[in-house]
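The first chain written gets the first letter, and so on, giving A, B, C and D; residue counts start at 1 in each chain.
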Amino acid sequence: MAIHLGANQYGKAESRVVRIYRDTPRHQIRDLNVSSALRGRFEDAHTTGNQGEVLPTDTQKNTAFAFAKEKGVGAIEDFALTLGGHFLDAAAAADGARIEVEEYPWERITVDGADHDHSFVRAGSGIRTTVVNVEGRGSERKAYVVSGIRDLTVLKSTGSEFHGFLKDRYTTLPETDDRILATSLVARWRYDHTEVDWDKSYEQIKGLLLEQFARIHSLALQQTLYGMGEAVLEQHPEVAEIKFSAPNKHHFLVDLSPFGVENPGEVFIAADRPYGLIEATVVRDDASDPGSAWHAVPGFC
Amino acid sequence: MAIHLGANQYGKAESRVVRIYRDTPRHQIRDLNVSSALRGRFEDAHTTGNQGEVLPTDTQKNTAFAFAKEKGVGAIEDFALTLGGHFLDAAAAADGARIEVEEYPWERITVDGADHDHSFVRAGSGIRTTVVNVEGRGSERKAYVVSGIRDLTVLKSTGSEFHGFLKDRYTTLPETDDRILATSLVARWRYDHTEVDWDKSYEQIKGLLLEQFARIHSLALQQTLYGMGEAVLEQHPEVAEIKFSAPNKHHFLVDLSPFGVENPGEVFIAADRPYGLIEATVVRDDASDPGSAWHAVPGFC
Amino acid sequence: MAIHLGANQYGKAESRVVRIYRDTPRHQIRDLNVSSALRGRFEDAHTTGNQGEVLPTDTQKNTAFAFAKEKGVGAIEDFALTLGGHFLDAAAAADGARIEVEEYPWERITVDGADHDHSFVRAGSGIRTTVVNVEGRGSERKAYVVSGIRDLTVLKSTGSEFHGFLKDRYTTLPETDDRILATSLVARWRYDHTEVDWDKSYEQIKGLLLEQFARIHSLALQQTLYGMGEAVLEQHPEVAEIKFSAPNKHHFLVDLSPFGVENPGEVFIAADRPYGLIEATVVRDDASDPGSAWHAVPGFC
Amino acid sequence: MAIHLGANQYGKAESRVVRIYRDTPRHQIRDLNVSSALRGRFEDAHTTGNQGEVLPTDTQKNTAFAFAKEKGVGAIEDFALTLGGHFLDAAAAADGARIEVEEYPWERITVDGADHDHSFVRAGSGIRTTVVNVEGRGSERKAYVVSGIRDLTVLKSTGSEFHGFLKDRYTTLPETDDRILATSLVARWRYDHTEVDWDKSYEQIKGLLLEQFARIHSLALQQTLYGMGEAVLEQHPEVAEIKFSAPNKHHFLVDLSPFGVENPGEVFIAADRPYGLIEATVVRDDASDPGSAWHAVPGFC
């Protein structure tokens, strides 16, 4: 019986890179969580322990910090593309590099009605993400960008129904034409190419997702997600497909009748577990080949 | 050798009460985490197992949900005061009731430039808290209110020094006149009485804390906290004292010199552990007696 | 431009099913976290909101609890296979069902030197997992089983080297022939078929992983993982391949020289972030087709 | 109106000190989480920013690591006492020092039936804790030790009743003479003095807590906790009092009757929130004065 090394990947995860721009008194901050990983022909490292082809994870971390100064931190997609390309050049045995970056949002603190120059407060709704995969060498090099948002927690207090579903002997759920719909959204969209104004695209897509969540009269979380994705694809030709992973955060109407109290959709208990989990992809028919774009992206079918 | 029951307390923790006001098409949401506990003469429950004096924690939970409809949910301080008084009346053996409420902030989603009627997104900066202790019966009844905010994460990219400190043989920290100052603030303030416009007081104190954090040129986190507390006491006569618990979230300047790169305060690594932890109280000289106001409030000296 | 629904999946996540066997005074406990998801031809649910083909996530939850009594809970793999097959039968539009189960280990409490009949304490080293995918109907039905363990935290205080690695201008890591090696292991192995004594296989593989971690003189975490996987494949013909995801939990030697104190490998600081992250697959050459076995398994390349 | 500094405390929290003893091939590991804090006359640091009396939190961290080598790490209580005394000597303005230490348990990995010399696996049931407060100078010095255990998760599948409780109009809980009782125990006991064999005392008390949990037929979690505490005080004269904080982790019997299935105490759903929370103190009548022993110990009434 013969045994061999299969898919593999190694890198440094969760370097917390904070970049301050202080060229003028009005500072800017970009607050990142950077993970990098290389994959490829690393058989020796695994089978004999020879590390001659292995660029240490410590070096990957050093590079992320050094590049934050040398190359600067603009859009996280650009930062990830630069890092990924560099690592492929630096490690000859690597066939692919995967760079994941999260960015935490900060707002300026208001003092006397004006935004402060160098004092910030963490803002709340959603963390920006990107996963970049770079593969190949020279003219064969390809880069894939999947950007997204996570922890975007939204709720509708009405405008959500759920009925007409399949029933079997284990079905007890009552049908309803008015319930709370709430989720902590994770969305990731694959860009068709890399000629994108990343910051602008992100802000617009985030705004559109929120707007569509509000606008759509929901017959099921599936239908809401599809509508959100459809709008993104219609208005953003730079997006090839979009995937959602959305826990249905149940809010159960509390039965107050034992206390002689009516509860017409006013008092709910927010439950932790179990929760529904809805995953869906919306894709344009003529989308480009995804290649390795979704390589090791967790939490999606 | 004789043994006896000492301090004790029991209750239901973390009921997630969500109250929707839907009297008009423009819904309102109050999203709470409610914990209640009773303390007093519960020896029998502990020593013989006789539960005749014990109002079950399940009943406490039921009451929180029923009151969300029967009494309504306005300011969390009022909700807690009502619950606490009720439980003391309901359980004759209880000498004190402690009600803790957290409120999660939501903002309306913007659609076509207008706030949506019934669609919300979780907002980010800080979770509102209150701890209410009620004691005594009839004309002896006293109520103590400690309100606050947690998870208020703030950062200054300059305007923070740290030097002139005590040194011993284990001191290696270099002195600095320019560093990042960052913390995830927990603040709790004790009200002098209960005749307060709770919502207004909370919003103003939150704003003042942020403004003072920005405004104060920091010589140490201690001095920043003291200045923040002093401002609250000066501008809010309804506040008797304020306590802070503030992790000093270290941002270390990264040494890029091995790569021939200068780093004049631009690239930092945000560290997780260890962290500094600064706790301080600022109190007015003529503050009222705290009584049991700080009963079982964690995370403060 | 046309848009369509791509990959999708929906279900109920994290039902905490606890099954007590009490047929004799000596109780047994199986403590599970069960998630189920269906995938397939659910276009209508997404595009028109018609839920006629959708077996509600609530029904999936009910079924998990009912089956805990009706079918019993033996090995989690059997429980998952039964649930998965049932859901495919119950939902005609489903092409595949994915069942994930975690089991939390309990040990009996010792009283007077004997194991107690009905009192348990949570044990610590590792949580057992399985992911089962069932596809097809009638004679076409196929089932894939990937079992594993997570949170198996191990440490070697010596017997670990790391040197001879690739260096570039960002490399500062010193080479070492003696360091601490620590990880919180996630391992998942794919079974070649379903004719397996699941409980026995799990216990043996867990033991073997621990033993090999101890036994292997490590030249890198990659080499340790490969050796662990190789041993599993050699001794367990029922296993087709095994995947690891292993954070390299860095323990840095503390520089005590400023205090005139030597530190020959005795005092370390355990760091949180960043951490190395090593992922590797070890597979036998004649492994069966994985099919959908790894469908939506997070955290692996 | 005058304002002044009230209670205050500052220090370094959560230094992850790992100490390896490698004097022989059979290594030993002590894996600690160390937090220190000083309190006292630190007005200047807060009001003027003058740090002349402030021993930096960074120095406190350095000292913890240096002492791990210089003084060694035996029982965590001894390590904390040594650190606390040192800090009081080092910082003249400090009136008290508080040292908190947690220790994570490791077991040796078994290889060929024998314990391995330098390979370990994290063990599971309970994390050992201590909080030491040292106050005063010279002959006035006093030290207080509160040790404990947390995350000791235990469950009884029978032998637990709950009935005869107080009822009001919000009571719906049915009485029961057979339920699951489960908790994740936090216990902290105050030692009467410091002439204690700490390791032996800890192991015996941990064992006794488990044994009593199993042995006691429970009429309520309060009664179980009291019995556990009573046994500790009876058998451990070195313990003055013991406090418990115990979430009642509800396991609700699932109603399977809609499916025509009986459920005689066999299938439960483990709930997350809300949970009961029971806190109780058991104290001997002639206990020594607690002094500052419980200073800033969270989670206890």
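Rule of thumb we're sticking to: contacts are C-beta pairs under 8 Å (C-beta built on N, C-alpha and C of every residue); 3 or more make two chains touch, one makes a residue touch a chain.
All of these numbers come straight from a predicted model, not from anything done at the bench.
A.B. asks: From subunit B, what is the lowest number of touch steps before subunit D is reached?
C.D. replies: Minimal hop count between subunit B and subunit D: 1.
A.B. asks: Which chain has its C-alpha centroid at the greatest distance from the C-alpha centroid of subunit D?
C.D. replies: The most distant chain relative to subunit D turns out to be A.
A.B. asks: Approximately how many whole Å separate the CA-defined centres of subunit A and subunit C?
C.D. replies: Each chain reduced to its C-alpha mean, subunit A and subunit C end up 23 Å apart.
A.B. asks: Could you please state the distance in Å, as a whole number, between where the Cα atoms of subunit C are centred and where those of subunit D are centred?
C.D. replies: Each chain's C-alpha centroid was found; their separation is 31 Å.
A.B. asks: Report, in whole Å, the distance between the mean C-alpha point of subunit A and the mean C-alpha point of subunit D.
C.D. replies: Here the centre of subunit D sits 38 Å away from the centre of subunit A.
A.B. asks: Which subunit A residues touch at least two other chains?
C.D. replies: 15-16, 62, 66, 170, 172, 258-259, 272-273
A.B. asks: So in the complex, the part of subunit C that touches subunit B is made up of which residues?
C.D. replies: 169-170, 172, 258-259, 272-273
A.B. asks: Which of the residues in subunit D come into contact with subunit B in the complex?
C.D. replies: Counting only subunit D, the residues touching subunit B are 1-16, 35, 37, 39, 42, 45-59, 61-63, 66, 90-91, 162-168, 170-173, 218-220, 222-223, 225-226, 229-230, 233-234, 241, 243, 247-248, 273-286, 295-296, 298-301.
A.B. asks: Using the touch definition up top, name the residues of subunit A that touch subunit B in the complex.
C.D. replies: Subunit A residues touching subunit B: 15-22, 27, 29, 31, 62, 65-66, 68-70, 105-107, 109-112, 116, 118-125, 152-159, 180, 207, 210-211, 213-215, 251, 254, 256, 258-259, 261-263, 265-272.
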